[in-house]
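Have a look at these structures, which come just after this line.
The same subunit A turns up in both complexes below, where it pairs with subunit B and then with subunit C.
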Partner chain A sequence: MDTMSENLLEVRGLTLALQNRFGLYREIIQDVNLNLKQGHVHAVVGESGSGKTMLARSLVGLLPRGIARVAGSVAFDGEHLDRFSEKDFRHIRGPRIGFVFQEPMLSLNPAITVGNQMREGLRLHTRLSRAEVDETCLAMLARVGIRNPKGAFHAYPSEYSGGMRQRIMLASVLALKPRLLIADEPTTALDAIIQREVLDLMAEMTRESGTSVLLITHDLGLVGEYAQDVTVMRHGSVVEEGSIADTFRRPQQEYTRLLLAASPKRADRKTPAPALAPLLSVHDLSVTFAGRRKWPWSPRGVFQAVHSVSLELQEGENLAIVGESGSGKTTLGRAITGLQSYTDGRVMVDGVHFDPRDRRQWQQMRSVMQVVFQDPASSLNPRFRIGALIGEGLRHSERCDPRETKARVLACMRDVGLEESQIDKFPHELSGGQKQRVAIARAIIMKPRIILADEPVSALDLTVQAQVLKVMMELQEKFGFSFLFVSHDLAVVERVANRVMVMRHGRVIEVASRDRIFDRPLHPYTRRLLSASAVVAEDGKGGFDVAARRVPDRPAGLEDLPYYQDGSAYRIAEAEPDHFVALAKD
Partner chain B sequence: MWAYALKRIVSAIPTMILASVMVFGLMRLIPGDPAMLFIGEIDDPAVLEAKRRELGLDQPLVMQYLNWAGGMLRGDMGVSVQTGRPVAGEIAAAFPVTAIVVVVATALAALVAIPAGIVAGWKQNSKTDATIVSIATLCLSIPGFWTALLLLTFLGAKWKLLPTVGYVSVFDDARAGAIYLIMPVIALVLTEVAVLTRMSRASTIEVMGLEYVTHARAKGMGERRVLWRHVFPNAFAPTLTVLGLILGHLLGGVVVIEQMFSLPGLGRLMVGAIFARDYAIVQGVLIFIVVIYVVLNTVIDLLYPVFDPRVKL
Partner chain C sequence: MSILNRFLTNRLNASLGLMLISVFLLAAILGSVWTPHDPLLVNFGDRLRPPGGDYWLGTDQYGRDTFSRILVGARESLTISSLSVAVAVVSGTVIGALAGYFAGLVDRAIGTVMDALIAFPSLLLALGIVAAVGPGKYGVIVALGVSYAPGVARIVRATVMSLRGRDFIDSARALGNSHASTLIRHVLPNCIAPVAVIGTSLFATALLSESALAFLGLGVPPPNPTWGGMLADTKQFATSAVWLVLAPGLAISMTLLAVNLLGDALRDFFDPRMEQV
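Presenting the complex of A and B:
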């Protein structure tokens, strides 16, 4: 059998290494083999540091300076790319292999109009006339769903949202009808619903033009749904390669199994018995931001980030606030903890009004409410040692002598699963997961009753994420605090929450217990959000199944409620006991 | 954009008032009485008093300030005590000399430094980069007046390649004018070239690391086009700010250089006036420089959106 007719891309024994000027080198990827079948979508999955991006870049000769191929061969469409010079590669890049990057915010040049950036490729690689080039570009923009292609042509990338930019990117890359599209985490930076739209578009367009896709990703849900084959990578080596069906149903390697099992799943959570008074209650909280003035004398526009939101949090409960970017979920969390001033509303803790402008109250609140931020790399001061970072809160609020402080720091480090020897390390010496453990230790050392966790695991790899979530839940068991859990990741929310509050454009869309939200969502937006996410589930036979989440039908009698839509008047109503949903005001 | 321009222009008013008060106040702090210098050896209190009254020095300081500031607003900058000619005329005569030196120096700095910085950034950590950075560091560490002395000693006095004293306007005789400009411009520009090179190198390195540059390469573009179309425009925007600061800096630095090369520019006019306690000239020149500085920086801020469409003023 002639393999070349079947495989568009064959990688054999590829080894890349980082070389310094003395010629010493460290291998980045070792002995990688990969077969991409004609017309298939082939996924390369791995956690950060697995070498998947370097593998992709080496295929088109775009390795960063200092990294070079030391062994192996790459055959693409019957040609041996490894003998290619920079000049040869230039003819391959674009017309034969297209490349889509992760961050549409960064991969379009902000100083050049969309039209001019799209023209570049066609001008370089085709003999079309100016008018034909423009025509092709406009047709492609229309194809990817840009509403006003002519307008977009003369606009700058900054005028578009992330999802739109990624569509523009697809239009510009696929305009050349490449044989292979390499998509490096193409939708990781996008919200769930938009991610789904962009991927559907990509799948559809590549199918039309017969383009094969090499999809680089860390998201197993995506892989299961969009790819036919998968290569699992770890620490620069291939762990397993095969069709999706084989690899997911019957994973041969322990690591593949580990990766699949690391996807958060619904766990039994006991719901704390509702006390007479909630631990935290928020009444009609609104946050507005002042906009820009057009003229010095014209009135300032206002942007309302949070529209009169109310919520209650019981002792020991996990309330997840879910929404896409721009939903106001983070602003709400910050306003509750007093980190963001609000224009209207009240925050009550234990029945006492908490006014963040009162310095004394603010100080006292720090031992009641603590925060864990999303990105541990930037929330930990790089000049502080771990011990000082964790113990800092104690210095400011309670008078602790150094011995006692150290004892408490060490106790907290043990609680979050850090080694005692790490107390004198700096944050940059720790891994992402360890850093987030430090951030958690820093919060719990104050013995808070409420922890605001703002996307605490979304910067972490799947396996690390599972460990950190486990630690968080164990700590909660031990200390009994409540979580306000802000997240866009439904799988994580399903794992940790007791109750879920869905937000959109600063408004509450739906609030109910976790099982209600996931098993009988009412509002169309909640339902859309759920159907955009994929679930990795064990199939009971030692393997795994990946499928889009099935959203159950609404219960009888609740199908035709006048659900709130953008622009209609808003009210929130109890559709069934303890299940609140946004409706249009009659 | 227009609202921002208006705001900037309006906000320049308090700056100007503050600057004028400081200029006026500082002059009064310098010991010495201009009337005394003016009448010279005549030792007669009555004559001195009359001269003081004539120059308005007998009035309280506040009145003196208001008179002066009021005159400025009407376009009357006063009269030089030394020459008796209007200050405005003296400035108008001296400014073109300074302007030519500064503009030529800035243009030269931009033409040399920006490409050098881009090449160094593009070939980061190569021999070319190391050479460019070393030269820049060397230039940065030599003070302008020292360069001026070296130039005068060798090119001027020893080898007699260039004239050491005198000035011919380029508007009168382009060739002769240019010859007189060579040494002052070099002495003035070396430090600024170094600053600008390092700035342009740093922003090039930053832009080179961005994904849209990799994307441009992934489209199959040649390295030169990537550099010209995708790197240069984005690396230039921060360099523009530095260019504005350099223009202002040069206006200050030129004072020393004009002394050394005896160019009849603003700097020499002002230094002479300080020694002669010629208040009107010193104040006039300083205010003039402040105005130029403010205008230049406003213009540069307004130019930002031209180079970076993300900037919305």
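Presenting the complex of A and C:
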């Protein structure tokens, strides 16, 4: 057959359903068709709950209990997988279809050495001798850029970072030279720069071996850069399918357009009028954590999470603190609000020193600084109803009678776009976006002047993220508070920030206005961070362009400053007016 | 009444458990006002009578009426085990919550003491405490309570520590709660499930340990009946006079069943996720 030679994988009318013990079922994927061309990277895009992961799992017979295929057929490499039993699938998984999971921290067995985990696949599926197996594994480890492959062979996964583990995962999956690689959100848990490295590696290696890739993701930027074809899914059905060029340039469906348009873009932001004194100023703040002792008598190691950071925040201003995981950005935010004790430095609000250890000051500060956390599922007490959650802060600050409390709770719920009827619900009855709205309402009911927002939209889907960001900006307009916005997501930062502070390993790398940071970044690290992200932009003709962010050259005269590198002495200097950058001390 | 109603609707285990436990509570109350025979009266003429006739549940090796002894024993056994569980749960929860919440030095200090207590077999520990406090009902309650408390503390500490890592504890602080109100309003309610589970299983252990202490002469002094004591006294008749073992045995196991059913129901009841099911 002609189509068979062209398509490596063909899915026809696939329907999966969730069955309970009474036999009743709810369809979670309806009538899905998918054609994966030989040698192509095909992306499946959708928000959480769109069924993309279940689709991928059904292809290799790894569906969770209770979910079953009720209709449709899957043809892979000219063979029908429909009649396959668990035993047949065992010969497919590994040598013919490789699977890379989202969370490298969880998908490698922590109790087995890297070498033994890699050998497993080759031993099960090839007739290579022991020595040949080891040789192949070592070659693969070297190929994915693991330094000292021999050492890695006897190491445990816990000795490696997330990015390295995902490389090891890739090495062990691709060692079997599968025809198809299914990658389920392979880099979602990784930082931007590392994400790019891993994906580049994956693209390169699959190209070399002629492996096709089914890339499951929610990140349209990645899709635009790495895939040739795309399938957009929503609520278990395919919305649109086609080549990237067609689908992104000329999206046919409203939902595809919505998804593309939901990517945050730079918006005009009023710069607040400079006041005489900043609302918040932080001087030389340092946070150290005590490490473990090796022996009871040996000194404790120390880990310095934040190295004497200073910053200022004006009334009504949004300062974004950007950095990868481990950069100390969250610790810094927690230290400023007093949730984390710091070893050195001072925090001043309106020129007055705020000492979190002073009980009265702590109590007073609650109506000045409020916090919105990243994951609303964990930041809302599951035993409280929405009304009690939002009204919680009022119990302590001002004594309100119940009627007044309820009125204020309802007003806040309206402000953040919640229905009044939701006041008696529990958090688990709300969606992720609604929960985050509750968290925001809980903060603004205190009428704070500063809100620390720690990755407030990272746990949300793109379209929901856009709505929540909009609400946050509208509220700021209305109440005039300032945001300390901690994030790793440059697109979000570009949308909301007035000024941006880039952090790495607990040190400030660069601070400037948003436009300066994005349009003329100076420090090599900032530049790397920017170039690792992709931008979805409207092309003006009703379509969208996706490309890696182009990082402009440094302005003349600033090209070869002695920029700070890991290990060198550190100072922060004003390279141009209001543009600070980390330099090596000379 | 509405809370009781909500608790009972759609919960077979709740109604069943409540029914069973009420039967035993009634028995205990009945036992303190009226018994068919004197539970302490020795009557060698009527030794080892099988159930029936004048003696509804037969008589033991001294000719004492088993039914009367079960009724009177119910009061002793139920008070001892429920009070000792209460002592263990309350003190263990407080200690464990403090250790888990404040961590660091507080945790280390509490942990060392608890570890030392756990290192003793709990019966041995109870023996020592009874020896110190003096035998009798309240000595047994204190002894069992103290020896079970470290186990409860351990579990509460672990639960609190994992809760401590959740953002909602930090948000409670950020909203102006003091440590005390964070602990009481936000942390402790989330510990109900594990405490309910361990509390009900301790109830069983308490019922049996009480009899072990009684056997060693440190519980309720001998002629006074307790279920555990009755079981211990009569085990050599297990084959010849089955009812002697069966009566207290069934009483004990039915009570445990009731307590476990109630424990499960309580745990579900306090879980907001189970509300509409």
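What we mean here is this: the second predicted complex is superposed on the first by the 585 of 586 C-alpha atoms of A that agree within 3 Å, B and C clash if a C-alpha of one lies under 4 Å from a C-alpha of the other, contacts with A are read in each partner's own complex, and residues count from 1 in each chain.
Heads up, the rule we're going with is that contacts are C-beta pairs under 8 Å (C-beta built on N, C-alpha and C of every residue); 3 or more make two chains touch, one makes a residue touch a chain.
Remember, it's a predicted structure, so these values are computed and weren't measured experimentally.
Undergrad: Counting only touches as set out at the top, which of subunit B and subunit C does A:567 meet: first, second, both, neither?
TA: neither
Undergrad: Please indicate which partner A:91 is in contact with in the superposed arrangement: first for subunit B, second for subunit C, both, or neither.
TA: first
Undergrad: With both complexes superposed on chain A, which partner does A:557 reach: first (subunit B), second (subunit C), both or neither?
TA: neither
Undergrad: Applying the touch criterion given at the start, work out whether A:577 contacts subunit B, subunit C, both or neither, answering first, second, both or neither.
TA: So A:577 meets neither subunit B nor subunit C here.
Undergrad: Name the contact category of A:428: first (subunit B only), second (subunit C only), both, or neither.
TA: second
Undergrad: For A:540, using the defined touch cut-off, is the partner it touches subunit B, subunit C, both, or neither? Pick first, second, both or neither.
TA: A:540 contacts neither subunit B nor subunit C.
Undergrad: Under the touch definition given earlier, write down the residues of subunit B that touch subunit A in their complex.
TA: Touch residues, subunit B against subunit A: 3, 6-7, 10, 124, 210-212, 214-223, 229-230, 233-234, 307-310.
Undergrad: Subunit C touches which residues of subunit A in the complex?
TA: 334, 337, 339, 359, 363, 366-367, 369-371, 373-375, 378-383, 392-393, 395-397, 426, 428, 439, 442, 446
Undergrad: For subunit A, which residues count as touching subunit B in their complex?
TA: Against subunit B, subunit A makes touches at 60, 62, 65, 86, 89-95, 98-99, 101-103, 106-112, 120-121, 124-125, 156, 158, 293-296.
Undergrad: Which residues of subunit C touch subunit A in the complex?
TA: 166-168, 170-178, 181, 186, 189-190, 270, 272-273, 275
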